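Quick heads-up: structures coming right below.
Shared chain: chain A. Partners: chain B in the first complex, chain C in the second.
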Partner chain A sequence: MKLFLSACLIMCLAIVSLFIGVAEISSYEEFKSVVFLSRLPRTLAVILTGLSLSVAGVVMQALAKNKFVEPTTTGTVEWAALGILMLLIFWPEAPMSIKLIIACLFSMVGASTFLFILSRIQLQSDLIIPLAGIMYAGVISSVITFIAYRFDLVQSIWIWIQGDFSMILKGRYELLWLSAILCVLAYFTADQFTLASLGKNTALNLGLNYHLTLFWGVTIVALISGITVVIAGIIPFVGLVVPNIVSLIFGDHFRKSLPWVAIIGTGLVLACDILARLLAYPYEVPVSTVMGVVGSILFLILLTKQKHHA
Partner chain B sequence: MRIKSSNLIKATTAIALSALVSTAYAKTIEHTQGKTELEKTPTNIIALDLAAVDTLSTLGAKITGLPKPHAFSYLEEFAGDEYISAGSFWEPDFETIAATQPDLIITGGRSQKQYPAMSKIAPTIDSTVWGEGFLTQFYNTTEMLADAVDKTDVADAQLDAIKARIETIKTSDLNNKNALFILTSGGKISAFGPGSRFGWIYDDLGIEPVVKDVEAETHGDPISFEFLQKVNPDMIFVMDRDAAIGQDSNAAAALLDNELVHQLTAYKNDDIVYLDGYAWYMVSYGLTAMDIQLSEIEAALGIK
Partner chain C sequence: MPSLSNTVAAKAKQPSSSSSGRALTGFTSGWRILLLLTLLLASIGLFLGWNVKASWAFTLEYRGYKLLTLLIVGAAVSIATLLFQTITANRILTPGIMGFDSMYILIQTLLIFLLGSVGFATISPYFKWALESAVMLGAVMILTSILFRGTARSLHYLILVGIILGVLFNSLAYLFIRLLDPTQFSVLQDSMFASFGSIEPSLLLISGLVFLLAIVVLYRLHSELDVMLLGRNSALNLGVNFSQRTFLVLALTAILIALSTALVGPISFFGLLVVHLTYRLCGSYKHRVMLPFAAILGMLTLVFGEFLLQHIFQFNTRLSIIIEFIGGTFFLLLIIKQGKA
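Then we have the complex of A and B:
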């Protein structure tokens, strides 16, 4: 019931999002073209991105067995950006599908190397994992900057991967449906992730094919990261904040919490995109900037909340 | 006695001559970062700014070296082996520049921050043109560069021609459409208004801006296709930044090829003008760059 009510709330946000835009609509013809070519695709893109980024965050957290990681703080997204940079240098006119494949392959490398590094370091505190992730992401980002600097592409690459929905039109977001399908698949395999998050030994004792689950999780995270980076750019904090809010309220049972993660994630990104369009109207602020501010505030609130619980 | 006096005459003549030489060639060049003394007309010049490369070569002065990675499009000849590669705008090759023993270094625009470091190697002048009063600054900088290499006559003639063309554009009856200047980069669009980096087309050429309050930032305000549809300019000038720096040249056209753009007046009347990004963005205020830019505006407005 609560879930249904929240879904209605998201619908309201989506409808608000449909009505925000620069164009003035005076005839039915204009309405048709603006809504179907621009507004509806944009709203759908925002919904699909919010949904899949937060699910990717949850899966990443289960795989790393830590609540303070997400694809943008563990190098996965940076690897996707590195892939796009390589294309900018060697094949600038590459079609969208190639960009997508390259970005996904690179994020796959990123996510798996991060998990490999985790399996190799001695963990003395829960903070080591997010710190290792941030350092790893920092190293990859400096590699990107170094290469981009050499090729005079620093501005291009950062503009390319800055999270922003302003250029979304009919025909330019449809690949995001793929990441929504991945989220549905993640829901059906949610129990495996719950088991995997208990640790390798426990999971193996409970009869889980641990390595297969790990591989499946990495695939989900990498594909979602790759797709969203290519279509919408990097949007930080969604995958970090949303799962933490949900786990504070609903606990850590994946099958139960995943729908909530999806709904809250969608709502958060929808709200931020609406803000991004209104703050400097009729111009736009990149949604990643808005999300950076909103997300970090939410994260700080969550951190203080968690102390009370402990 | 006779020997002594002849010696004295020789010495005096020598002193007088050397004084004459130094007064004849000593020149003080005033530029955006101060004053620089030149002892003679420089012949071994390192230009770290493309506009300076463009202007000097248009004036007929020879340069020795430049940031070669940025020399392409109409400045492609400067990528040849007869020129020394002086690094990039942001990362000049100090060793090579010093080893060349230049008698003049020119910084400007993207390399203006190198001015203090370059001044330690050789006499350096800065030729940056930025911000308010683009055209006035362009005239002054061109005169300043021409003065440094003793080509003032050539520069005057060229600038007079440019001023005449600008006057024609400004007063032409054909200059009656409103316009929007956009820059595309990394698949995004930003808009430029009066007072901005490309604002001189409104401010100095008298083209009517379709929106007046676009903020004057380096890369403009980001806009959506709906914004284009709402303001619906008569003309759209498109600067493809990715093409300007040597990337995929069809990026801007591909980005603008969609149903929303197809509904715009500018699209229907074939008034979306794709500009030479290298001249507008990379070089910007060189003499030949200015000639290219004005030609494009003239062609867009239908002025011969």
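Then we have the complex of A and C:
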């Protein structure tokens, strides 16, 4: 019931989002073309991105066994951006599908190397993991800046990877449905992630095929990161704060909490996108900037919370 | 991580046992500083005199400004990092990681936002600088008093909060810039990356003066800093007014960071690298030695790095990007090493 009500709330936000725009609409024909070519695709893209980024965050947190990581703070997304940069250098006219494949392959490398680094660190504190992740991401992005600077592509890559929905039109967002399908698949395998998050030994004792689950999880995270980076750019903190908020309220049983993660994630990104469009109206601010502010504040609140009951 | 301050203190008590000193045992600290100074002078010579194509007068003036900037920034960032590590009694914090320099950028952006870009451009650079530093000082004081209240907070908690605060300040600054005026956005964005290119002479003058002032204060403080390295309790027992001195040192750190950020923009990891090399190479844990050593090493790294980059490799890139890469990797290694220890 609660789930249904929240879904209705998201619908309202989505409808609000449909009615924001600069275009003057006088006739029904104009309305139809604006809505179907630009606004509906945009709203759908926002919804799909919010949904899949938060699911990717949950899966990443299960794999890393830590509540303070997500693809954008562990280098996964940076690797995807590196892949796109490579394509910009070596094959600028590559079709969308190639871009997508390369970005996904690169983020696969990113996610697995991060998990590999984790397996090498002996943990003293939970907070080492996000710290190492952030530094790893920082190193990769300085590599990106270095290469981009060498090839005079700073501007292009910056535009590519900046999280922004203003360029979304009909025909440019449909691949996001793929990541939504991945989220559904993640829902059906949710129990395995719950087990994997208990740690390797426990999971093996309980009869889980741990390595297969790990591989499946990395694949989901990498594909979602790759797709969203190619279509919408980097949107930070969604995968980090949404699962944490949900787990504070609903606990850590993935199959139960996953729908909530999806709904709250969608709502957060929708709200931020609406804010991004209204703040400097008729111009717009990239949604990644708004999310940077909102997300970091929420993250700081979560950090202090965690300290209190630890 | 309660043992960390103890380890630092223990190391401070027995400089001879450090793994570092062994490589250069034959030299006293004085000789090491002298050696470093010679290297610095040599690189300055190379930087100024290599491959001069235009007239000497023009080249010297052009390169001289840049050299002064590199020297001031190199010394200021290194000293600020060393001070920060001394008073926080740990070795992976730098003011940059704690979000100090993004705070400076946020303050600058807010000033542009409030005064308008024309108003911002017309106020005297001296006044602007004083205002920015004052605001920054206040903000740093508030922030650190919140962050360091209560000793129970773990080191990793502090760093993580610092990094996220840095992200927050950056995003806020960026948001204000976008709200300000979309057409000027690209111009303003330029000032957000560290660059050693275009420097205002007036800014250089203030920075130099303030830097010298900071050196004088530090020279008077050095013995108390040695005692503070032993930790709060020992310092109090030995008669140092710990909280008052901490306040003073933090203020100095904030000023040094403000001046170097004003000159070239944020460079987070540079100080970390230099200060760690200083611990390894300078062969003493007295600030009387460490401070000049770090300062000279910082200057040497920047001047020589820039020389290599521009004249030898003819790289079309910015030194700050490379520093960021090396420093970030180094920081990662430090964290992993600490996790293993």
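FYI, the second predicted complex is superposed on the first by the 306 of 310 C-alpha atoms of A that agree within 3 Å, B and C clash if a C-alpha of one lies under 4 Å from a C-alpha of the other, contacts with A are read in each partner's own complex, and residues count from 1 in each chain.
Here, a contact is a pair of C-beta atoms (placed from the backbone, for glycine too) under 8 Å apart; a residue touches a chain by one contact, two chains touch by 3 or more.
Because the structure is a prediction, the values reported are computed rather than measured.
Visitor: Overlay done on chain A, so just call it for chain B and chain C: clash or fit.
Guide: Chain B and chain C clash in the superposed model.
Visitor: After superposition on the shared chain, which partner residues are touched by A:S33: those of chain B (first), chain C (second), both, or neither?
Guide: Touch partner of A:S33: chain B, not chain C.
Visitor: In the overlaid three-chain picture, which partner chain does A:F299 touch, first (chain B) or second (chain C), both, or neither?
Guide: second
Visitor: According to the stated criteria, A:V143 is in contact with first (chain B), second (chain C), both, or neither; which is it?
Guide: In the superposed model, A:V143 contacts chain C only, not chain B.
Visitor: Quick one: is A:V290 in contact with chain B, with chain C, with both, or with neither? Answer first, second, both or neither.
Guide: second
Visitor: Examine A:A280 and indicate which partner it touches, taking first as chain B and second as chain C; both and neither are also allowed.
Guide: Touch partners of A:A280: chain B and chain C.
Visitor: Intersection of chain A residues contacting chain B with those contacting chain C?
Guide: After superposing on chain A, chain A residues 149, 152, 280, 283, 285-286 contact both chain B and chain C.
Visitor: Please name which positions on chain A make contact with chain B in the complex.
Guide: Touch residues, chain A against chain B: 21-24, 33-34, 37-38, 88, 92-93, 149, 152-153, 155-160, 162, 164, 166-167, 169-171, 280, 282-286.
Visitor: Spell out the part of chain A that touches chain C in their complex, as residue ranges.
Guide: Answer in residue numbers: 68, 117, 120-125, 127-128, 130-132, 134-136, 138-139, 142-143, 145-146, 149-150, 152, 236, 279-280, 283, 285-286, 289-290, 292-293, 296-297, 299-300, 303, 307.
Visitor: So in the complex, the part of chain B that touches chain A is made up of which residues?
Guide: By the definition above, chain B touches chain A via 69-70, 88, 90, 185-189, 191, 214-215, 219, 221-227, 229-230, 241-242, 245-248, 250-251, 255, 258-260, 263.
Visitor: Which positions of chain C touch chain A when the two form their complex?
Guide: It is residues 1, 153-154, 156-157, 159-161, 163-165, 167-168, 170-172, 174-175, 178-179, 182, 315-318, 321-322, 324-325, 328-329, 331-332, 335-336, 338-340 of chain C that touch chain A.
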